[in-house]
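Same chain, two partners: subunit A is paired with subunit B first, then with subunit C.
Up next is the complex of A and B:
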């Protein structure tokens, strides 16, 4: 008896669409994927939408609007396995830079009538609102990671994990260390592996777009930047306050280098 | 059936979140709205206080489909602010990167987002089942475009190798040469794609657009040129804001871009083609003629053919750049921080993309303005929806809905790009059906 294909859904919150695009950028795997799962809900790719519940949900984007608060609960209810993928879904994304200021100031800068834009004060990851079964870090995650995660779900296997820093991939690729040899402020030592050490491969320092690795030693790296490379405090704030600004480890590190507010 | 309402709550096969609302009263369209509910992300606000060297990586994140376009407009505008020129091979490499993005982005739109409309299919997977050979053309074009971007930029989405002044690392000749074989196949695939799409049934619809695009004396425009229009506009990019404004309009609460003097205008492949036909490669020109494209071509449904023609041109040009590539002396020209104001426009796959930056003496950004193509096309898109609806009011609901969705998809709207778009609060007053 043929088994019913598991249903896959792809959801979008606040994002650039780059993560779900990685699915459309699949080559022959895309057709193969469609043979293994029923692509039941994927508005960027198809007019056809099948009702839930869904066996696997891939969720892109951060929670940043009032109505997202309910929508994310609905997505959770409809999903057996919920995978948050990408920087926005796993940490709040670049739009989480607003979390360090008054979002009203941002709105007034960009819009003539900011009162028309009901946004939340903070941009936050999916996991802050509902239980998430798996997080795939990266801006964007490598599409191989996404396929591997879906495949693992289909087979009931634990998803592949690489609890390592970019340094490991960098050494493996045989790149020369840009931090040591070129004196560039590379976030590789504290950044989750997964990209294949792209930036050091281009002779530039890693800027942390895969987010913090497990137990990152951000403070000793910051000290190195300051003492050996002469980095100023404001530069340290910017270094850690980028695509994973809202991830706790990077957030704390950037805040540690901020000037204390002036009295009065 | 004089009064009716068409509402598509979540437009599919477009990049981002939007809805379409049409109201008809007494046989006339009273409301035609393309409503964007994509959440704002405030790029122009958080760019303030960032180092100018961060702008290419930051603005790339405006769009997952056309990150190269944002990187290109950003670096050109910042170089203008700092008085830096990037000539020769580095300029060619930037063009090569852009060719890759045009190929991948157009292939995605033509085969995955747009063509299914002409065939009455829900998506590209249905196309894969029905015409597998055709989808293979699309996959090839997408793969080759992405390979170019990855080879030069490290990865296809949010490349890491672009910097103000050039690149972080220039590719070696032997790294680029292997791309040639795929690009040669892409040339043939693009020709086949244009021939295939030429057989579609195109609705008879030819609005009187004002086309706006860059124009360059020596090349089909990508990275630079003057801003010209089909009604005589011809200005340097530095004068862009004197002629174009963004404004909130009462009926939609959305920022629309318009020409101060004349209102709505069209940017994108159709505009580029009409204003720059002579700079297309001879093969691309021949493919256009063979496909029945006219000059000017005013049918937006035929933009699918123009995208095919542009893919052909981009593949040929990329091939030529690779064949003649000589490694530059350094990966970038030196750039030092300094105060200044700079603006630039480049041709994103979806059309003119304008950036302006103000920098302080330490190289921090003090102001940024970004005008994406979809924001510029929004007003024109609504006019198309209205006109197309009025011509097709006799269609049954489902068909009319689909036709209007297709009208929107003609534009390949890139909604995440539209940093200015607001939520639309609809007037659901009397007269609703």
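Up next is the complex of A and C:
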């Protein structure tokens, strides 16, 4: 059946390219992907760029430069299905640390001619600018999630979505809880599953790189870290202000531990 | 008769011979083990692989291993893993399908795992197996993969002489002494007479196995010493749960203000249900490859703490955290009785120890028992 292959485009905004790299690391499935879709645009892999519209757009990165404001609208117009993937695209990424301060301070510290670096005051997720069909959290999302999402698009299945804590994956994997048995400040209970509990599997506490899960009771976990594990307020600010600093649940929790408290 | 025979005594060498015989008979022997500081159940070869002198300090939200000088091999209660994953794996392939010219071809996975022998099953966990049997084997539908592994298993129970800080089996009558459901039950004793085990047999298979290893009749003094140790253990439970009238009280207090109080702490992370030896919830996960010609369905362990767990046509029945905690607790202690004719709790204390913020079922029940119930006694 010589049906025309659906066109896939991979877009990059402000990001480290890790999500695009995780596509390249699909190995065998990358070959399968290339068979099933026309890879029309994928800057990490090729200079080729076929004109739109595109059936599926995978968007990496956050909106953080003035030109992004127009670009993200254009990507949306050109895409039938738009999937935002990774922490940057779904929350603003680690560069959203600027949202808590004056980005000019950073620019002046790093660059000799900061006026040549035009950046927006805040780094924001794609969904803040255009409607997004599916968000895949993670830094980067698990390759299986990306494949499942694309497969769902291709074959008309509902997209995979399993909102749950990292703890569920941790327990299924049979890891012994590092929070309870070692007193490590693990963010697994408030973090979205998807990584397969990688860090607890290495006796490391989860640092929340998949972002907040549904109904994340961060205040209760923070209280336990402070009262039972002896965490300092500054440590709590840092715990929640990392990869998903700008996601509302983590942002509010980190602000709650600032000393002196944020005005307002 | 399945009943008990007179007690026997086994030496440490006798236990080693017994484990060797189980392995010789083709069982995969699973027992307590310590790897990189993590206590769990793993494949073991014999007594030499068992941790020695290990103890456990457990409180709500806290677990620490302690290392003592003694020679006890079972001187602790239960760690994080129960035996549930042996019979009810957290992720299991249900079927897979391949598309060819003729259509979809569905195949079932082959599951010819060797039979397991479980060493060190505690009375609460034994009671939990009985509960899961009711769920998977005694209803109108039988879970075949559970049945196959469960019925082939050989069980060496170990009674508890050192209960933990979160244990409350004595409140529920499920421990610290195993009453049934084992092939052999040991009580470990380290006394002036040495290191020995009082053995009770609970099945013909257990009796037959014992015949193959050196053992002798227990003396009255030995039986008495073991009984005393277990009676003392029953008095040292770290927690207590009062069951009288609890079911009715829970039914009458669906709107108790304490549910909201718990929700102020509960992370809805689901750890309590994951570690519970009787929670059986799962969902089915379908996957399709990119070409769309290979599909599979897995059964994945799940809990009632996710919004999706109660999702029906367009919405979740339990969108709020407090309604989810209420579902969990009332299922364990009340509605389970209507559903399966027993409690969904065996008093192992895991949900208390392994809750990341120390939410304590026994304390929450005590708080729920205080106050409320009117209007007009609710009949």
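Methods note: the second predicted complex is superposed on the first by the 259 of 264 C-alpha atoms of A that agree within 3 Å, B and C clash if a C-alpha of one lies under 4 Å from a C-alpha of the other, contacts with A are read in each partner's own complex, and residues count from 1 in each chain.
As a working rule, contacts are C-beta pairs under 8 Å (C-beta built on N, C-alpha and C of every residue); 3 or more make two chains touch, one makes a residue touch a chain.
Note that the structure is a prediction, hence the values are computed from the model and not measured.
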* Asked: When the two structures are overlaid on chain A, which partner does A:4 contact: first (subunit B), second (subunit C), both, or neither?
  -> neither
* Tell me which partner A:203 touches in the superposition: subunit B (first), subunit C (second), both or neither. => both
* Should A:174 be classified as contacting the first partner (subunit B), the second (subunit C), both, or neither? -> second
* To do: Give one of first, second, both or neither to describe whether A:47 is in contact with subunit B, with subunit C, with both, or with none.
  => first
* To do: Check the residue A:95 against both partner chains and state whether it touches subunit B (first), subunit C (second), both, or neither.
  => first
* In the superposed arrangement, which partner chain does A:14 touch: subunit B (first), subunit C (second), both, or neither? -> first
* **Of subunit C and subunit B, partner touching more subunit A residues** => B
* **Doubly contacted subunit A residues - partners subunit C and subunit B** => 203
* In the complex with subunit B, residue positions of subunit A that touch it -> 12-22, 24-25, 27-28, 30-31, 34, 39, 43-49, 64-65, 68, 93-95, 97-98, 103, 105-107, 109-113, 116-119, 123, 139-140, 142, 195, 198-199, 201-204, 207, 209, 235, 238, 242-243
* Asked: Which of the residues in subunit A end up touching subunit C in this complex?
  -> 29, 32-33, 35-36, 147-148, 150-152, 154-155, 157, 160, 162-165, 167-168, 171-177, 179-183, 186, 188-190, 203, 214-217, 220-221, 223-224, 228
* To do: Over in the complex, which subunit B residues touch subunit A? Could you list them?
  => 10-17, 39-46, 48, 50-51, 54, 57-58, 61-65, 67, 104, 108, 112, 116, 122-125, 128, 139, 142-143, 146, 154-158, 160-161, 163, 167-169, 247-248, 253, 255, 331, 405, 416, 419-420, 422-423, 425
* To do: Report the residues of subunit C in contact with subunit A in the complex, numbered from low to high.
  => 36-40, 61-65, 79-81, 85, 90-91, 264-271, 274-275, 285-292, 300-303, 306-308, 321, 353-358
